[in-house]
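Across the two complexes that follow, chain A remains constant while its partner is chain B and subsequently chain C.
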Partner chain A sequence: MSGVSLRSRLRLRGLRARHLVLAIRVAAAAAIAVFALSTPGFTSPLSINALLNAISFIGCVAVGMTFITLTGNIMSLCLGATVSASALVFLASLSLGVLPAFGVAIAFGIVVTAAQGALVGYIRANPILVSIAGLSLLLGGAAFATGGQRIYPGGEGLQVFKGRFAGIPIEALYFFATVVVGQLVLSFTRIGRDMVMVGSNLRAATAAGVDTAAAITMAYVIAGACSAVSGVLLAARYGSGDMELGSGYDYTAIAAVLVGGTAIQGGAGSVVRTLLGVTAIAIIEVVLLLRGFSQQLQYLVTGLIVLAVIMLHTLGERR
Partner chain B sequence: MTRAVAKLLDPKLRPFTVMAGAIVFLGLLDRGTGYFFSIGTIFSVMQLFATFGLVALGLGLSILIREFDLSVAGIVGLAGCIAVMTGVGNPWLGLVLGLGAGVVSGVIQGLIMTRLHLSSVGVSLGGLLTLQGLTYVLTDNKTVAYPNIAVSLSLNAPIAHLISVRSAACLAVFVVAALAMAYTHVGRDVIATGSDRRAARVAGLNTDRVVIGVFAASGASAALAGVLLSYSLGAASPVALADVLAPAAAAAIVGGVSVVGGRGSPMGIAAGVMTLCILRSGLSAIGVEPYVHDLVTGSILIAIAFLDAPELARRVTAWRLARVERQALARKSS
Partner chain C sequence: MPILAIEGATKRFGPNEVLRNVTLSLDAQEIRAICGENGAGKSTLVKIITGVHSADGGRIVIDGQPVEVRNPQHAQELGIALVAQELSLAPALSVLDNIWLGNREVPLFHRRRALRERAQAALQKVGLGDLPLETPVSQLSIGRRQLVELARMLTRDARVFILDEPTATLSDVEIERIFAALRTLKAEGKSIIYITHRLGEVFQVCDSVTVLRNGELVGTRRTDEIDRAKLMEMMLGRALGEMYPRWDSNPGAPMLEVSNLGVPPLVQGFHLTAPRGAVVCLAGQVGSGAIEVLRALAGLAHNASGEVRVAGQAMPLRSVASARTAKVQFISEDRAGEGVFLRLRVGANLVATQLADHSRFGVLSRHGLRAAAAKLAAAVGVDRTRLRSQADELSGGNQQKLAFGRSLGRDDAGVLLMNEPTRGVDVGARAEIYRLIRQFCDRGYCLVMASSDIEEVLGMADVIVSMYRGRQIAVYRRGEADMQRVLADITHPAAA
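Showing the complex of A and B:
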């Protein structure tokens, strides 16, 4: 028995495994689609709008989280707080005008996460600990600045961030723009390719001359910008803000990233996958709602489905 | 002198150094007014310790074997609700069922991870969401009151004005865990699994069993925290306990559990939890604004993240060398 036949057999097995994973994924997507389309009222404009709204806010954060996961830094527990804090910054600087306030909020989100990214990237500080530290500092800073109160600024021109454009909720347009920009950065820029390399093998990337620290910092910068977009959209939607606005978004976002099929150990995944993950979770929630499941059963079923999907994905990818 | 400092900052001793530092810091802030150094503060520190300590212990054990058990936050809530709903007549029954739920959820997650070779973050995230959903279903999305006030009162009854029955129970669990880790083969097995899982397996250790065991222990520990907390509050709610994860993880890491695995001890974790609790109740006893607590905690965490960073020494050396070279060049050209 020569090595050739062994190798070809292995390759065949790899091919089969990959097909199997693909088949499982297609079947799961088809099941969700059939499940959704057979639900009365799912295709009504009302429920589609609810769906789009549901995915927009959390979707932006999930896109940001994708970059952190991709570079091998698991997750950030600070993105939810970044959403809330940049919403507060946006509302507080509305007196400058809507667009400058938008810029200030994005810059704020970037500064918050870039500091964390630099610690993680340049001296390899532990990402989870750094994010918890960031969370504490943001909570404390926000309570200091607002006195723990909800803030209600009277601002004009928030229409840029809410309402509809050509029948589509504007929030959804911002989200889709975030997805497109994110995927373009990942696929077609050098630093985007560097991020994937860093995530798949940090040592190999360093040896190959990749500026790993810059790639990781950039991933955090993008995560901050995306979270700030979500914060601005939420602030415009509610016209007021406090630190509760984005709490819990961290877990929902990482769930969407994993359901989409980005590997938790980094190095494999994409923004488009996260879009699919966010959409799948939102569809399941809307369908359960339309089918008259109680709120508590919705939580349980969504949890079980997330667990099952994560198991299926990693099952196919294990080596 | 420097050797003594180095020893105090050694990962084994550092949690206790940090704790002592927190006490001295608060003592200086207090400036002899006696608000901080009072029996009341000790009691409230211990009450907080009872709330977060066991969760941090469970999470810390999972970090010790290079996993991350996110589901502890879900177990705290679920076990609390189960205990409050089943333990009205007989609180021991509620305790047993709550603990059982924690162990079962830990074993199931451990089995999924070891049999399917999955990462713990993904599985325990799914576990967290599922457990939270289960808690919502069990409680019908409402806060459940616990009418057996006698139990609530006796759990919070002070012993010698310093600790309550509840915090004494937590301390006891920590002591048992520390003894087991230090003097039985369980401790060695856990450390071996965390240090180098492949080597441990080659040496003949059934690491799958260790992983499942650690997740069961982590589930039981978090469940005990949830049961005791819900009994002593006299109520359980599916939402109230969601924010326990970040403080618990912070406490475990301040307590010297290394995220690269294989390093850490229950007593260190206890010191880490104690540090955060001393800061929280100490600062509020002195009467500073609540946000100061978050800022101080955040700064300590940043400092630890910074000092523990594996590349810090290399970066500092590189920077120093570059400076020396630049100076040499400047001298040559002048």
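Showing the complex of A and C:
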């Protein structure tokens, strides 16, 4: 036909859309690297620290989000609120000691998201709507419990969660540990493989005898645990907390997941990809900051990047 | 001058060339059948003509003018109308509203007398003159909905009507009404492309027939020049017999015993005894209940009831897990929807059901999985070098082999349920799948397959169970039935 499309022309030469997408990704990564290294002060210890801090808090949430996206449930709008709420729970239970408080906060995060995961997995409720309901409940519950006040508890031993170890911010170590554990679960465990199969094709997974509801619930459990880690780190850093602490994290986390190249339909992706995604976004933000652009512009740029990635994905998936 | 010509149409999906240099031309007042096996390229050809897919090569000529069909709406503007299997009517709206829905001629307030009269006239032509215009479409049978769809296209001045297997789900009376409507349209000067897998209809209603095979044009003949046997030979590309492996039917002890199986609302009182080492075919059309029986046995029907025993052990229904414990596996006809994980690798697809066997405390043994995948690939004839490819790069036939491989147990044989195992699989790969099925027999599996393809049923079955509207009509042993018998059973059984 006269109007042979660009895509089919590429295919005629043995090139596939998938390869094209990969090439664009590599080019984009190279561009970001050049952009960053040519920015004065980017390699200074100060800005590297800022970078590590920026990726640690969001990064934990993004690792959790990866599991939700992978199982085909797109994203949760509740993870940011889960971060804040677990921070509050952590601070409120500090009187029990730091480690028990850590455990309570993680358990809280897991319970909150596991309930949502069970709704999505067992009765096939719409994941976005469930997460919006969860968000509302958390905000309402927190307002009721704290009376809308910021809480400042006294507590000793918070240095386990802040400061440095061997020159590296401790937050970053927790984040890297989350990435490693997340990727191990995904690659080397049965439940991880089940999650990928569920996300790739729910009906085929059902027919193959996978316990799809359990796999989906487990993905939410992991997301809750990761968000709670982020909440504890934030609480330790600021020594106080309110529900604003993690707000907006869900959006940046899903941006990192998508920029990393995990498929929004589920079934393809990895935690390591999300690490790359979150790093790319953080580098761009730090560079914009160093070059003196305003915070508003950073939001704009993040939005544009996510939009570009989604369009790139659509191109790669289409035949 | 032909009203519509397709010249050298070519289409690829990834590495698969699904249509190769296909040329055909259609005259005014011609009813043209397009025949070919599943996967021959019929649907792809239609999608190119109607602008759903853009071709990778070739062109479309309408009234002597080369055109580029940009999208389905543009196809309609060019006078090409498609009546698809999944109809595009809005069930809650009236017949009148449906006829004018989306039509650009319609002004904001559309209950004009002229519109009513034109709708009425169009309905008259398709034999629905007595149908009140206010009837909601949801109250009409599928056959009548198809006629409404034809009327709708008539009001849009379509000149070429494309019908994609319109009779697949219809009763004989309704089929006759469709034929009558097509003859009227033809007398009006319209042209019709009629896609069907029922060879009888080709000779009943069509002037000519174009045969596709493996995406290539085999040829176009006038229907008064050829007979059924010749047409079948064109479609298959060889004499019939070679397709199916030679096999001495030697059924073993009963393996699967089903009594009084019910799957509301369709199936009730279904009984079956399937022996080890044999193929049992449930022959029936859409709506016969054969598929529902298989899905119930696989644990995929949530409302099934009845008694099922596998190798003497009772198997609870309504649970995939308990079916799998009883070594009952299901291979879906809907590979993309339910069979294959298209975005996963070939190897991961093969071992999807064996993760429990290759993990300790939930941690997978990568080595064990790799070895298992290689072994399964060898067993079903998938090239080992492709284990790391993504599953969607494989052809339909190879994807089907993945589904078979996944069902192979590690040790002893079980029951394999297959729904239309060769749907969308090209002829060569089909013969391979049939050989594979026989290999499963040799291993002692009990195979139960649902099929609407009578040749396949006669070629493969050791036991044939014919079904019609949820009921069993008859049970035949190999050699007891012929095509006429089975065809009569599944279309209009004497006892119905």
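In this text, the second predicted complex is superposed on the first by the 297 of 319 C-alpha atoms of A that agree within 3 Å, B and C clash if a C-alpha of one lies under 4 Å from a C-alpha of the other, contacts with A are read in each partner's own complex, and residues count from 1 in each chain.
Note that in this section contacts are C-beta pairs under 8 Å (C-beta built on N, C-alpha and C of every residue); 3 or more make two chains touch, one makes a residue touch a chain.
Fair warning: this is a prediction, and the values are worked out from it, not measured in the lab.
Student: Please determine whether it is chain B or chain C that touches the greater number of chain A residues.
Tutor: Ranking chain B and chain C by residues of chain A touched puts B first.
Student: Considering only the touch criterion stated at the top, classify A:N49 as touching first (chain B), second (chain C), both, or neither.
Tutor: Touch partners of A:N49: none, neither chain B nor chain C.
Student: After lining up the shared chain so the two structures overlap, which partner does A:F188 touch, if you call chain B first and chain C second: first, second, both or neither?
Tutor: Once the two structures are laid over each other on A, A:F188 reaches chain C alone.
Student: Identify the partner contact of A:S240: answer first if only chain B is touched, second if only chain C is, both if each is, neither if none is.
Tutor: A:S240 contacts neither chain B nor chain C.
Student: For A:R203 in the superposed arrangement: first (chain B), second (chain C), both or neither?
Tutor: Only chain C; A:R203 stays clear of chain B.
Student: So, does A:D211 touch the first partner chain B, the second partner chain C, both, or neither?
Tutor: Once the two structures are laid over each other on A, A:D211 reaches chain C alone.
Student: A:G267 in the overlay: touching chain B, chain C, both, or neither? Say first, second, both or neither.
Tutor: second
Student: Which partner does A:T39 contact after superposing on A: first (chain B), second (chain C), both, neither?
Tutor: Neither chain B nor chain C is touched by A:T39.
Student: Go through chain A and flag every residue that touches chain B in one model and chain C in the other.
Tutor: Dual-contact residues (chain A): none.
Student: Under the definition above, what is the set of chain A residues touching chain B in their complex?
Tutor: 74-75, 77, 119, 122-126, 128-130, 132-137, 139-141, 143-144, 148, 248, 251, 254-255, 258, 264-265, 294-304, 306-308, 310-311, 314-315, 318
Student: With touch defined as at the start, can you tell me which chain B residues reach chain A in the complex?
Tutor: So the residues of chain B in touch with chain A come to 68, 70, 112, 116-119, 121-123, 125-134, 136-137, 139-141, 238, 242, 245-246, 249-250, 253, 259, 289-299, 301-302, 304-306, 308-312, 315.
Student: Considering only the defined contacts, which chain C positions touch chain A in the complex?
Tutor: Answer in residue numbers: 12-14, 54-60, 66, 68, 70, 298, 300, 320-321, 323-324, 330, 332, 334, 337-344, 348, 352-353, 355-356, 359, 362-364, 366, 406.
Student: Inside the complex, what are the residues of chain A that reach chain C?
Tutor: Going through chain A, the ones touching chain C are 1-5, 8, 11-12, 16, 188-191, 193-194, 196-197, 200-201, 203-211, 263, 267-268, 319.
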